[in-house]
Structure formats: structure tokens, C-alpha cells
Amino acid sequence: MSVQETLIPKLGVVTDVRIDTPDVKTFRVNALDGGKVFDHMPGQCAMLSIPGVGEAMFSITSSPTNTEFMEFSIKKCGCLTNWLHQMEEGQQITIRGPYGNGFPVETEFKGKDMVFVAGGIGLAPLRSVINYVRDNRQNYGTVDIVYGSRSMEDLVDYKEIIDVWCKEEGINVYLTIDREQEGWDGHVGFVPNYVKELGFDTNKTVIICGPPIMIKFTLAGLIELGFDKTQVYTTMELKMKCGVGKCGRCNIGAKYVCKDGPVFRCDQLDEMPNEY
Amino acid sequence: MQEAMIKRAKELLTDGTVNRVLGWQKGGVAYDATPAVFDSAEALEQGFVYDDFTAANLSKYLVKETKNEGKVLVFLKPCDTYSLNQLTKEHRVNRDNVYVIGVGCDGKADVEKLRAQGMDGILGITAEGDNFVVETLYGNKTVAKADVLAERCVVCKSRKLMTYDEILGEDGEVIDSNRFDMVEQLENMTSDQRYAFWQNELSRCIRCNACRNVCPACTCEKCVFDNVNSGVANTAAADSFEEKLFHVIRAFHVAGRCTDCGECSRVCPQGIPLHLLNRKFIKDINELYGEYQAGEDTDSRGPLTNFTYDDCEPSIVHERGVE
Amino acid sequence: MQVEKKEFKPTIVAFCCNWCSYAGADLSGTNRLNYPANVKIIRVPCSCRVNPMFVLRAFQRGADGVIICGCHPGDCHYTTGNYYARRRMTLLFSMLDFLGIERDRTRLEWVSAAEGAKFAATMNDFVETVTKLGENKRLEDLRCKKQ
Amino acid sequence: MKQIKLDSIQSLFKALSATRTLYLPVDTPAGADFKKYEDGVLWSGALNPNRSAKDFFFPQTENMVDFKVEGKTIEIIEPTRPDEDFVVFGVRACDARSFELLDKVFLCDPVDTYYQNRREHGVIVTVCCNKPAETCFCTNFGIDPTAPGGDVACWQDDDTLYLQANTKAGEALLNSVADVLAEADDSAADSVKETVKAIMAKLPIQNLDLSAFTEDNLLNLFGSEQWKKLSEACLGCGTCTFVCPTCQCYDIKDFDTGHGIKRFRCWDSCMYSEFTRCAHGNPRLSQVERFRQRFMHKLVYFPANNNGDFSCVGCGRCLAKCPISMNIVKVIKALGGANK
């Protein structure tokens, strides 16, 4: 693979737009002739762009086991994402990737009991792994999903969670929202506290993704429960331009998030300078 | 001078008038002094330097420094005091948090001029009267200070301190300088010649932003050239147009506020005479709207935030200079 | 073989103040006065809204001449806006001249809402002047040129 | 080894430029600059041009791809790549070494084909420094200015230029201009080398203690108290990064030409406030962090990823050009000894 192929994007077309929450939409992207633009592993990212507006890295939300299309759950928070949110079906976009290391689903995760902890839009990269695990159920142990958001409306992929994940055998879904809300009879409270309350078996493997503050406190809670940092994975995000470790801006210490990351094991983070 | 400055700074530190001193830190070679904050007598003794090469204008650092706790002592040369006044006028510096010691200045030397005179491999420079004795890898050489004076000092506009709490050395006078000569020379060229001149100069620009970042008048919290939403944010000029855009706008944004301290040209790694753009504005303002020197006071209205009912029309451009 | 020389039609950007000059342009239109179609009018709230950057970027995007029209001094809707604009544009035009950009490519003109005829005449004159100068070469951005 | 008299060097330049474009350092009123050779252009005797030679392979701006957008559809137009063969003459040992370091970044997988393409079309002719400056410190990074890299190496004494090919491409280049060159003894340049070595021994910046800059010491150095003091006066301009032969960070930007979109890349600087700004914030909010990033990258991060090679060649440009005279040597001196 050369940069000639990676820095020059391919064309994709938006084939479906789903409104998830007031500020998150999920876009389905196909190659112009149908099918996927490229294959990827769970946790990998792609560079999406609208020429003239900008380019940015997004995690691929759909699982590699989905062979028909790719999905991106995108929160409106900047110039490009605002533009993306105005897209309609049939809009072409440019896309390049896949970038990053992805989760070690075929190695370290194999045979493990998995706990997924997500907050807000942090579910986006995890959804890819969760569905990958569901589709290769025989390779993994139990699956627990703890997912929290500010409010009921802010739960991304609520429909899939309720209709599919909750109904599947061997998967436990724990939902929580930050504040009491009418029509919500589930758990109320912050994710880190909920994780501690639930008190998982300490031989499970945990993946966390969400706001930095949530990651920080969840990790602290897990260690309190007796987890080791080598059992906990997270994914990072920094400003990226090239995606191939050359433009020099997404480094944390000697590691480039776009190339060596975005998935890091929490004990690896300890060896990196605290600059993220 | 350096000794007297250190002595006075130590006194002011001891009696609590100030809690730190903004000055210049000695470097490795004779000419490379770095602006620095000193917070103790020992630090001053070890590193404080003031000589013919401490050229940096310290007033811009006061924007940041005066936001900190306590009063800061700063040594300012006459041209730097103009900058401080201007910053005070624009409420960018809290003058109450600054204790200014004005220091006389006979002009600063420009190491590039030393190099241009064939002084390669400079190891040490000692001032002896009106000369520098330069020790180099290729033998000792002597050069007259006057011959290596920085361009801005050759045409120094004023040796008078505009604002100070005390003076070390002698206060000077405003000089009737010939600083506009080069601007005039350019004005008298044909438009083709001027275009060729600037095309050649500006094409060397590497957009390092040193001119902008060092400028005591450029104190915007966020520069338009850094603002991605402005449409002109860029880290490199992709077309020669962008060089012109950057430099015209940079000069325009400080028009009427530029004190002509000359830092922009001093720091330019490519030796572009940027001060000529600023001086052109100053000269135009002087000629069209009456003599005005930014930084002379802290309360007058600047020429671009002011007007008279009978100002000239822009068509005056057609009546001036050479087409 | 006879090659027909393509007639040069300059692109002119005219920044017109909303209260006077834009109305003046309107008037010249309703009076069926002719001025060249290659004058592109950009309405601004006041002539002093025109940032030097606007002028330069108009040239970048392919303008061959830029004209700024505002209320007559003393008539500004905001009382004093055009006085400031006058100083700014004087200095800007002088600077562009200093850089060797043809001085006839920029102009400032006061046009009131009642001066439809003056607007048309000004534009005709400006277009003629710029046509004589030819294409803007000194303040162009090569990337914006159509191949 | 070949030789040519300096007074007939123009014939060498003519011969070199006959079949390809020749670039060489030329004096300007504000220091030397690499310029295209044309009849009558004189080779500058300056030690180093203001800008490094990295421009030839990694230009400040470079068009990557064009787009045409119409309604909902996008068309991707790949630009034609430059295919002009060129020679860069008069590169010093430090800049020559910088290409090896840039290669490590751009030619590792995935290969940057823009850079690779230029690299393949360029031949580098280095010249031994005959008048090192006080700002030179290449020897600290294991560079021998008397044995410069590149495809062809040259040595210059009072009246003669000696040339020797280092690579196959260099040999081919010398063969193509064999008419204007004469044979020389392989030891002909030895006296030049000796003279330069003697000068090098007197340089003020020698034996910098680099032993502290190891990956193991990364967190220690990162957390050093010294950064605040060192970066205090930093203006946050990009001078050091843009004159640096090894700085390689870039930005990718889109430009709307009015009739299409040009996507280009251009140099960027980690010293700039917006360098790492993204939707969720900026991990390097103050100049301390940006300043630290630059030097940590050169002295720790880069070596950690590249077998211990520092990303500095000691050309001394940042020493000469920094507006406030803060530079990598001062950083090494401040951190090198204290943080072992």
C-alpha cells in the first residue's frame, strides 16, 4: 500500500441517514458501485471528507462482518460535522482508510469474557466490536455492555440496543442516564459509579470509550474492583491529518494515534506522556 | 551599564518594589541573548546581560507578564518605550504592574551585518570604544560599530524615553531622522520597478510568522491568519498572491499603531525589509492626516480610528508619486 | 488563418453600501441606464464594512478591478462610517500602489440613492479604465484562473 | 576521483544543466538561496543557504489531488507528478544527512509517493564545508563534514574542485559530464580534509551530552521542570521548523478555486497554536507544551522510533535564525546533564 493510494481518497456515497439523537446521525456509506469502499477491522478509522470543507477521522461504527456497507455515527461538533449533518441520501463523499490498529479481536480478546463500557458517542467505535463479537459468538465468552448518556434522547443506537442486543442470549445490557427523566425506569447515575455498583468479575476484559473524564474515573473504579490495567482497553482521538504517521501531529510521546493507535491498552498509556 | 542595571534590579527586588525582572539572558555566543524573567539576585548575576546585541524589544512580553501576580521590572530602550505606551493605550498592558527603567541606547549591532562583512565563525565579540574586536575561527578582526549597526538604528527616530519610572544613563532626544528615505526611493520608482522589487522580496517569505509574533502591536488573542473560519488561515503561501495578502494585511492591521520599532525586519529569517511596508503607512499618515507618532502618548486617538470632515479622497493616490 | 482576438472583458467587483449606492444601482436599473454586466455588486451595510481583506480577496478570486461605493461624506446612515472608510481605503490604495499594483484597479466613489445616472456613468468609466489596463496579473492567484 | 579547476567551474555547471535542471546556492542580499542555474549564475561560497535543501523533495506546498464538485457528485482528478530530472549542487554534509532522516519518515510503509517520486528524480552533489561556522554542531550527531553523503561528494581547495561518486546515480552523473572533468589522484582531497578537520576541532559546540535522551528516560524528560524556563521567551513562530532540514510535519488543506477544489499539503509547525486544535479541544494549550513537543520529537520520540537516530543534523540554522536565540543546543545543555 502506498500513500498514492492512501492520501488520495476514494469516492463513497451516502445511502442512508439515520437520526440517532438530537446531535448524532448515523450515515451508511457504500462504494459508488455498491458494496463497501474497503474492508476494515473493529476499532479502525476512516478519513471522511467533503472537498472544500475539510477532512476528519471517524471511527467506523459498523462491524467488519457487515459485508454490505459501512456506517459512521457522527456527532455534530465542528465545521465538517455540521456539513456532514446536512447531507442527504445520494451525497458523494470522499473516504480513505482504514487507519489504525483496531482492537485485538482475533488475538488477545479471543476466548475472553468481555465488558464494554461506553458513554455518549463513545459507543460508536465499540459498536463495531460488539457486533463483531456477536457475529463470532463462539470465539468469545460472556458479553456485558454498560452504556450511559446524558439523557434518554442521547443514547445512540437505542433501537438496536433494545431490539437486538437486549434480546440476545448471553448479552447483558446495562443502560444508565445521568439524571432522572420522565419515561425512564432504568438506572440513573454516572457510568463509572454504575460500573462499580455492578462489580464485574475481575478476569474479564474491559473496553472503555467515552469522554476523557469518564474513562479516567471508570478506570479508577475498575482498579478498585481488582482489575489490572492490562485487562482494560480504550481508544484515543487527537487531531489527525494524514492517517499514516507522517504529518506529525497526533503523537502522544513516541506513539502516533493514527498508526500505533487509536486502541491502546491502559498499561501502555502509563508509559506515554500525559498529553492527550 | 550592565553592572548598574543588575545593581538597581537587585535593589528593587530586595525592597519589594518588584518581584521579578524582565531582561535578557546571556547566551552561548556573544550575540545570542534571550529575553528572560529573573526572580532572584543570583539569577541576575549569573545570566543577566545588556550589551550591543540585546536587541529584542521586551514590551510585548509585558502583555503576558502583567497578568501575573505582582509588579515586574522591565528594562526598556527608547524605542521599546513607544511600544509600551501604545500597548498601555490599547489596554493590553496594565501599566500599574510594570516598573520601567528606561535605559539609554546608542543603537544595537546586527550580527547579520557582521557576517556580511566576512566575519565567519564568530566565537566572541568585545566592544572597545567605537569598535568591536571579533574573535573568529579564522582569526581576530576589528570592525567599527557604526558599520554593523542594525538598519533600524542607523535611521533611529528617537532616543527619548517616552515612559519610565526611572532612568539609567542619559535620556536622549527625538531625532530628525531620514527613516523614510528608502520608502521615498521606492515611491519614485516606476510601478513596474516597485512590483519587481516587492515580488523579489516577498517571494522569499516562508510564512514563519516571526514578524507577526514578535510585533508589539500584533496582540490579537486570535489572529485572522490562524482562524480557520476566516478562509485565509494558512501555514504556507501556496501562491505568490498569499504572500502579498499576508504582508499587506499584517502591515494594515498595525497601521496607525506601529511605532516603527523595527522588530519585524530584525527577526525575519529571510531578510525581507518588512519595516518598509509599515513605514509607508506611517509616511502616508503623516503626509495626509498630519504628523503622528504611535506610542508618543497613551490617550490620543489613532489616525485610523479618527477622521476629519475634509480628509482627502482616495483618488489622491493618483496625484502622488510615480505611476 | 485569421485568429480572432478575444475581447477582454474585465471582471469588476463593486462593494455598494446598502443605504445609498446599492439604491443608486437599483435606480440606474429602474431608469434603464446601461452599465456593463461584468460589474458584480456586493451589498455591504456601510462602506466602512469593507475590510482591506475583501478588496484583496476579490482580486484573488479573479476581479480585475475593485470599486467601493458609499454614501456621500456627511450622509452616512451610521453618521460617520464612510469617513473611516475614506481613510482606510486611501491607505490601502496607496499601499497597493506602493507594491506596484496598477493604481487604476481600485477606486472609491460616493454615490447617493438618487444618483442612478452617476452610478451607471461611474461603472462605465471604471470598466473602460480597467479594460485598458487589461487582465489583473499582479494581484492574481494562479490557482483561481480557469485553465 | 575527478577534478576540475574552479575557474572553469561554469563549464561543469553548463554540462550538468544540459540534460537536467541544476539547482545551486546563489548569493542574495539576504544570505544564500538555492536557485535554478542559468547562464552566468554564480555559485555562492556561503556555508549554507537560509533554507535547507529539503524543499527539493518535500516542497513547502505541493498539490495532492483536485476535486470537481457538482451537486451531490464529486470527481477526483489526480494531478500529474513532476518528472523532471534535477541535480542539487552544493549541499553540505548536514543537509545530505537530513535526506536520510526524511527517508525514514516518508519512505517507510506506507510510502509517500510524492516524496519518493522527487527523490527518484533528484541527484545530490555535496560539497565539503571549507569554512564551518560557530553555529555548526553536526559532529555531535556523528556527521563528518569532510566525508559528505549524497550521490557525489566534492572537496574544494583554493583552485580546484575534486569530485567523487558515492552511489551509482552519482557515477552516472559524473560519467555524463566526463568531458569537462579531469582525473585526479584519490588522495588529492586529503589536505582539504585535514584543514577542515583542524577547524572542526576548534568549533565551540562540541561533545554535547546526548546520553540522557533515551526512550527509557522519556517520561522523566517530558516532566522536566526546565521546559517552562526554556520556552518562556518563545514567540511561537515557525522559523526554527521552517529552516530546519529535518522538520517534516505537514498540513493538508483544501482550497476552493471557484471552479474546483485543490487539496494540497504544506509545511506546518508544531510551534503554532492551532497545530493540534481539533473538535474536542487542544491537547497543547500553551507554548510550553508546543516547545517541548518540538524538542522531545527531535531528541526522544524520533530516536525511539528510528533506532536511536536523532532528528537533528546540527546545521545550525535554528541557532542563527531564532528571533530570541533559543535553540536545540541550549535545550540539550539544559536537559542533557541534569536528567540522567
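For reference, chains read A, B, C and D in written order, and residue numbers begin at 1 within each chain.
Throughout what follows, contacts are C-beta pairs under 8 Å (C-beta built on N, C-alpha and C of every residue); 3 or more make two chains touch, one makes a residue touch a chain.
In this text, all values refer to a predicted model and were calculated from it rather than measured experimentally.
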item: Chain located farthest away, centre of chain C as origin (C-alpha); value: A
item: Comparison of B-D and C-D by number of C-beta pairs in contact, larger one; value: B-D
item: Chain B and chain D, separation of their C-alpha mean positions in angstrom; value: 30
item: Cα-centroid distance, chain C relative to chain D, in whole angstrom; value: 46
item: Where chain A and chain B are represented by their mean Cα positions, the distance between them in whole Å; value: 51
item: Inter-chain centre distance, chain A versus chain D - centres from mean C-alpha coordinates, in Å; value: 40
item: Residues of chain B engaged with two or more neighbouring chains; value: 228, 238
item: Multi-chain contact sites of chain C, meaning residues that touch two or more partners; value: 141, 143
item: Footprint of chain B on chain C - complex, ascending; value: 52-53, 56-57, 59-60, 73-74, 80, 83-84, 86-103, 106-108, 138-143
item: Interface residues, chain C side, partner chain D - complex; value: 61-62, 141, 143-144, 146
item: Chain A residues touching chain D - in the complex, by the definition given at the top; value: 1-11, 49, 51-56, 77-78, 81, 88, 90-94, 237-239, 241-242, 244, 246-251, 253-254, 271, 273, 275-276
item: Chain D to chain B touching residues, read off their complex; value: 28-31, 33, 47, 50-51, 60-61, 131-135, 199, 202-205, 229, 232-233, 235-239, 241-243, 251, 253, 255, 264, 266-269, 272-274, 319, 321, 323-326, 329-330
item: Touch list for chain D against partner chain C, complex; value: 255, 257-259, 262
